[in-house]
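Naming follows writing order (A, B, C, D, E and F), and every chain is counted from residue 1.
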Amino acid sequence: MLRLATPGYQRFVQTSEFEATYGGGEANVAVSLSNFGLTSKFVTRLPNNDLGLACTMSLKKYGVDTQHIAQGGDRLGIYFLETGAVNRPSKVVYDRAYSSFSEVKPEMFDWDAIFEGAEWFHWTGITPAVSESAALTCLAACKAAKAKGLKISCDLNYRAKLWKWGKKAHEVMPELVHYCDVILGNEEDAEKVFGIKPPHTDVDKGVVDALEFEHVCKEMKVKFPAASKIIITLRGSVNANHNTWAGVLFDGKTLYQSSTYNITHIVDRVGGGDSFMGGLIYGLLTYNSDQQALDFAVAASCLKHTIPGDFNLVTVAEVEALMKGDGSGRVQR
Amino acid sequence: MLRLATPGYQRFVQTSEFEATYGGGEANVAVSLSNFGLTSKFVTRLPNNDLGLACTMSLKKYGVDTQHIAQGGDRLGIYFLETGAVNRPSKVVYDRAYSSFSEVKPEMFDWDAIFEGAEWFHWTGITPAVSESAALTCLAACKAAKAKGLKISCDLNYRAKLWKWGKKAHEVMPELVHYCDVILGNEEDAEKVFGIKPPHTDVDKGVVDALEFEHVCKEMKVKFPAASKIIITLRGSVNANHNTWAGVLFDGKTLYQSSTYNITHIVDRVGGGDSFMGGLIYGLLTYNSDQQALDFAVAASCLKHTIPGDFNLVTVAEVEALMKGDGSGRVQR
Amino acid sequence: MLRLATPGYQRFVQTSEFEATYGGGEANVAVSLSNFGLTSKFVTRLPNNDLGLACTMSLKKYGVDTQHIAQGGDRLGIYFLETGAVNRPSKVVYDRAYSSFSEVKPEMFDWDAIFEGAEWFHWTGITPAVSESAALTCLAACKAAKAKGLKISCDLNYRAKLWKWGKKAHEVMPELVHYCDVILGNEEDAEKVFGIKPPHTDVDKGVVDALEFEHVCKEMKVKFPAASKIIITLRGSVNANHNTWAGVLFDGKTLYQSSTYNITHIVDRVGGGDSFMGGLIYGLLTYNSDQQALDFAVAASCLKHTIPGDFNLVTVAEVEALMKGDGSGRVQR
Amino acid sequence: MLRLATPGYQRFVQTSEFEATYGGGEANVAVSLSNFGLTSKFVTRLPNNDLGLACTMSLKKYGVDTQHIAQGGDRLGIYFLETGAVNRPSKVVYDRAYSSFSEVKPEMFDWDAIFEGAEWFHWTGITPAVSESAALTCLAACKAAKAKGLKISCDLNYRAKLWKWGKKAHEVMPELVHYCDVILGNEEDAEKVFGIKPPHTDVDKGVVDALEFEHVCKEMKVKFPAASKIIITLRGSVNANHNTWAGVLFDGKTLYQSSTYNITHIVDRVGGGDSFMGGLIYGLLTYNSDQQALDFAVAASCLKHTIPGDFNLVTVAEVEALMKGDGSGRVQR
Amino acid sequence: MLRLATPGYQRFVQTSEFEATYGGGEANVAVSLSNFGLTSKFVTRLPNNDLGLACTMSLKKYGVDTQHIAQGGDRLGIYFLETGAVNRPSKVVYDRAYSSFSEVKPEMFDWDAIFEGAEWFHWTGITPAVSESAALTCLAACKAAKAKGLKISCDLNYRAKLWKWGKKAHEVMPELVHYCDVILGNEEDAEKVFGIKPPHTDVDKGVVDALEFEHVCKEMKVKFPAASKIIITLRGSVNANHNTWAGVLFDGKTLYQSSTYNITHIVDRVGGGDSFMGGLIYGLLTYNSDQQALDFAVAASCLKHTIPGDFNLVTVAEVEALMKGDGSGRVQR
Amino acid sequence: MLRLATPGYQRFVQTSEFEATYGGGEANVAVSLSNFGLTSKFVTRLPNNDLGLACTMSLKKYGVDTQHIAQGGDRLGIYFLETGAVNRPSKVVYDRAYSSFSEVKPEMFDWDAIFEGAEWFHWTGITPAVSESAALTCLAACKAAKAKGLKISCDLNYRAKLWKWGKKAHEVMPELVHYCDVILGNEEDAEKVFGIKPPHTDVDKGVVDALEFEHVCKEMKVKFPAASKIIITLRGSVNANHNTWAGVLFDGKTLYQSSTYNITHIVDRVGGGDSFMGGLIYGLLTYNSDQQALDFAVAASCLKHTIPGDFNLVTVAEVEALMKGDGSGRVQR
């Protein structure tokens, strides 16, 4: 997906240029994993034109395997981004209707070849949102991944503006989520997709009480018993430049909590959730400890907020330094 | 329409930013007329979002009346532009499918109100190309304009990539063109839409013989006898930076020829034809002489090649200075 | 007025480029009103050159009626802006002496035509500051507006550097302010123009006690009994990036207070007072409640601090969302 | 003087930024001489503000002695530049009225100290054009220079828009020019100031016949018999991007001609005449041959056309390489 | 290698920013081949820091296999580029001494693994120029390639400034060139390395007579009888913006000549020779005709002159369109 | 030294441009002093190429005397800077090995001429770190300065990455520091060079207790009894955007403390220590009070954090305004 962002906090009506980068939920996760030294493959469908090519090249740059990207369709999905400040929220204008990806069909992919040698399959709630055929493709992928013995994770990633093809999220998502071992959501997703919400927290107040979300995790676990981990990211929005950031992980028994980061000067928060997922998959595959996996995910995504663009361009060493407590930002020289 | 151009001769795969301007066939003509001091009104359909608003504002800036623009639909049409150099052609990637404008319908406009007090209605061949309903809307407008006694002009503006809705240009255009008093085409349009071509000229050779086009004009006059003027723009393409530029006007009897400009360092040639049309309408409304009208049109559009963006931001005085022969480009101070 | 600002916190001696926008007290108010959906007209005098034209076009872009702008004189007023950070203040170098506007004369305007159909006339203390003839023109406008039954408002807007033509603000302003129904000042204006100050507040300390300003409002009301509302904006300057922002409105009986916004990451605070005035006029014309009008004004101008340039490019919906308490800045998508 | 230029061939009404550099007739000559390794001093008057300071620093950067610049007055002179292309001329909007320099007075400078140790004094026709007191200051400087035995040169530099203070160029210049040993003009100056013109050449045609200017030189020599050299620059304007460039020098007996350069892709032609003068002074001080001095001047100023900004940032070695015939532009590595 | 170029024709002393891209002789060839759809691998040595990483990523973006790049050493080679115009040549400041690559040693590479499955090995004369150990490494590679039966090509690429390690080009190159099947040089290389020059051509005059180079080819063939093809690129330098471009290929019997392109508005000529080599290898591997291979190489590198940066980002279809004669640069839409 | 910084918080792998400025420890101090109105001279060695020239010019711009800079050697030292945000530290990639300066030798400078008329000599710990010959040169300078009766100051400026030539800082520095009257270090230098550290403070916690450093000062005074003042800068790193900043000065008897600044929105903290030193030298030379000298130094360097680039471009008046307590950042107009 092409992201076109106004520079320098300009509003859409002011700008005479757009900063162009490429990104999108699953792509961002793939780039994170590749940066962390794992092999990752990104599967999507892109138009056979220069913009599709540029998108592919931006993934190859960061080492993502793009050989299974299908080509075809009319257009590359676009989203326009106006970065907010203080009490003015960032604003996204989606222009992804009729994209090559929205017209994806199950038969366009050879899942057997795609999953050969893979350990993990990840998808997000954006895919089933864009069209019925995309939802069916996602289902086909889940089935194939399960058949091959891959771990499956999803990020619920609810976007109200996208569910327009007829069915609602709560009608479509349950079947897909049942395939998942690892389920990630933010502090609003579980409520908006499944109606499960914490008793009292108001996320707009910049105060997010982690313990409130134990309830949400437990309800999710009841609803999706096959999932071995339920993870929730906790964003407190002080204002558009200043958020708090943390996460909880529930393994069916214990609720692990991360420390809370105070992100006082956000550079770019888009892709924050994806960078969390990238960190989490790396953490779960690398550490023997759910606490450490969670801490890695939170630290990784905390750093994402300091990097322009959707991708989280950090190394394992950088994440681990922060995870171990060095958040002072002192110049390294 | 939003135009997104790579800066500094970059190719699409290189760029990290796009220069954003707004434009499009009829809009460009409207801006030209407003710059020349005439009252102009632009009628289209734009989405009710920030991009639609930004597009409207860019027209208001140059004095175009935007009150009759309809709102609705999903998206603003986009075209991506990569500016070529020397032997590398400029490249356009259209992304205008499913635009608000392509879904325009005749009943969305109150032509009676729109044409109240107007003298002239102009349309281009792009409108009937984008969709059947757009073609029908164009037809409705022509009928309404004719009923109110307006002069009608069209620019044939053939774009092969756009005619995808079922019928071909040669099936649709004749009915529409029959309403026109003034018909403009470039050195290829008449051939591609109506199969009328000059005997020998090869436009890729940078040599365009004006007299060759007398034949085209006469054939057009035969086909569209109601038209009082047939005009053809003559572009010789030495290379992407260097074109020659001229025009001929046929009034049914005489073939008027302009002088030929040697545009050796093109800044931006997109919108060149539209700037010709803007100059021609101004010229026909202002001068008593077809020769002068033609000369004004050619000089105006010659200057357009030196201005970035689709719009021709020149004054009558500047055009007339060039028309009278001062093309030396000496600093004015 | 042309505003030339150094980019990226550069100092004047460092910069090799200036960001160019147009603005100025009354123009900024006119743009605010137009953005909020009201009809607004801007009256000034601009030179008959390309800079005057560019200035006019930037107003037309945002829907302001510019037909009564007089043309003539030598030059467009300019101000150079160096944006400060933390403990380094922003710095303005005025270059507006001898501007077309400073040589404005009463007879250059047909106030009867200008005020036809209007409800409200607004002026700022900058106008009488620039020259004697501008002060006389302002007086003529006040008289004409009063005669036609318009509401009149002013923003005291004291600028020590501008009062150089002979008389001082305290000698000139009283006669003009007596025409006003609505008087706006910031936490320093009343003191600097009329010697009226709050007992204890020190505005440089980042702490501004709203109640302290009841005294100021009451003194102003005594001095200008015809004014139905006295409004004071309250800016607490923590540092150049971080201000607090609030306002009080006194209707002769009650002191209404707004909530105080904590603007922690200012993008551009120039035009803050003008955006308050724009919000206030809209609020007073739209709501039946002085409290709501004040709240709208404070919220509108709070958002201005997040937008580059002088103009406050926000919608009524955006202001009302903040006014109702949503200042979390969460991404809208 | 501050120069504010629109980037990328934008017109004034399009731009949202200006490229800021400093320059002006005599300053440009001083920078040229300093670059060529000579000691040069620039005398002017600048306002005591950040823009005056930035202007001074830009001269110090290139080694010009700025210690005798007077401080005071209201404003720094500005000129706005819109760079033209092909048949669209570059456009200058002067905003130098009321500048600190225009209010210069003879008693502001201690010419004795300024000229101590100096060999050469250079002035341009812009100085007497801006105000009567500037003309008087120029006269005082000429007298002081002559008394100290310095060589004096002038560049006629006629600018019609500047002569507004009461007297005309032809009334003021003769007295000043009589002090000069070296007189430089372009192909139009002698005509516009003194009414001396070549019999047939039309400079807008891109064809300038050097021999035609022998007549002009001879007439000048008759009018100013004290001058030992009369030099005329010859610019043929093919269009705004493509000029030819040459010069002739008349020593009272012989007319020396330079070769003609074909400058096909101009980057920036403003300051072209000044760079010629800088090269000429260097050449006359360095070589024993008028032909070589002329050739150096023409080659130096030919290179100026390839450098953005007013200053000619080239070395003696670079000029001499071109002067000796290497104009191939092959990469140096 | 990191390339740091001043923007907008600025001189080094003017610039406040550098455009950063990556490139270098063999890397540029590898990118060309990958763009043409072939598999290519780039072997070098880069420092283990962020700049080395960024360089690697820029190659991966375009599909080049980077797995055999060795890591180590102190620094990435840099070259600073100032782009010239008209008679001012482009200027390169090399800063590649002590680079990681210059300290390359034969034992750092497993040539057997590197050449596994490969068909072709290409090196340039820059490698043996930078250090003795680099020359030895190049020799080791040639031996290993020959042993594995690969075709070997070289580009003589003489750079006088680089040969500083003790031996001269003519002492080192012959042994290396003897391994080559295909030898490429420009119109000066053969003379500067081997003393073989055409009888009369002066390359700085913008006139290069292809037939003159038959002599050079034949002499080269005598000196290196194992080479099956000798190719010479022919650049005529009209000025820094305008070159002519052609090539000849000698197969031991016949001298094939390409047509000559007139590149009137160069965007970036650095990497021109490398893009020729990339096109030539593709052509020799793809076509059955030496004439076609030569034509493809010349057309490919002609297009390179229109693209900023070292890499030739064109497709086979684009090259073939030009090769077949369409150099009109007409907009593709 | 050339500083190449990524713009807009970009990471090295993202950027396509670098912002280029010049700077470095002693140069930054020289510029500060010149800005404060003192005469300053910078002594170093630069390559005889365009980059060395550009570096020299950037110093001349700010009035630094560059006549004693030696020319020669291969390359200008470079450092690449990636500006961090929040918990992501800024990152410096040094590329200064083999620089002209690192190959400096004592005999390259005529210290007698250099120190003629001077009062103060300042050096930093970076000089002896880069090479043995640089350390010897620094020693020669200290001896010469002492012999001429100059005050000598040093900034310990420990950079672990630079001490690579054989000896360690603790082996080399003592002899050099013994010459100093004024010794400056940051909160880590004394520990890293001499093993002297405060009992408990952890500088990464954003809390720095000034009193803790009395111990460090006293130990330093014991070790270097000739020093009349020991000064320590105290930076508390809340995160990369937010630091606290203060200093202590020990005169052998009393520990003077500055107030602590809360720098909440850092623009550029590189050069912070140098700007402190510049302010300190100015303060010690100007005020009769160590407290005022310290306060001036802290305020000056606090302002540096708001200015892009290495140089501290502030005036005495600006520093004194802050020193007297006005840190509100209110717009100056």
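To be clear about the criterion, a residue touches a chain if its C-beta (ideal position, glycine included) is under 8 Å from a C-beta of that chain, and two chains touch if they have at least 3 such contacts.
Treat the numbers as computed from the prediction; the structure is a model and nothing was measured.
Both copies, chain C and chain F, contribute mostly unmatched positions to the interface they share, with under half of the numbers common to the two. Interface repeat of D-F: among A-B, A-F or B-C, over half of the contact pairs recur, by residue number, only in B-C.
Each chain gets a centre from the mean of its Cα atoms; for chain B and chain E, those two points are 44 Å apart. Averaged Cα coordinates give chain B a centre that lies 62 Å from the centre of chain F.
Annotation for chain E: residues 11, 13, 16, 57, 91, 265 touch two or more other chains.
On the chain E side of its complex with chain F, the touching residues are 4, 7, 11-13, 15-21, 49-51, 53-54, 57, 74-76, 78, 80, 82, 91, 93, 95, 97-98. Contact residues of chain E toward chain B in the complex are 261, 263-267, 302-303, 305-309, 313-314, 318, 322, 326-333.
In the complex of the two chains, the chain E residues touching chain A come out as 57-58, 60-63.
Per the touch definition, chain D reaches chain B in the complex via residues 8-11, 13-14, 84-92, 94, 159, 161, 203-206, 237-242, 265, 269-270.
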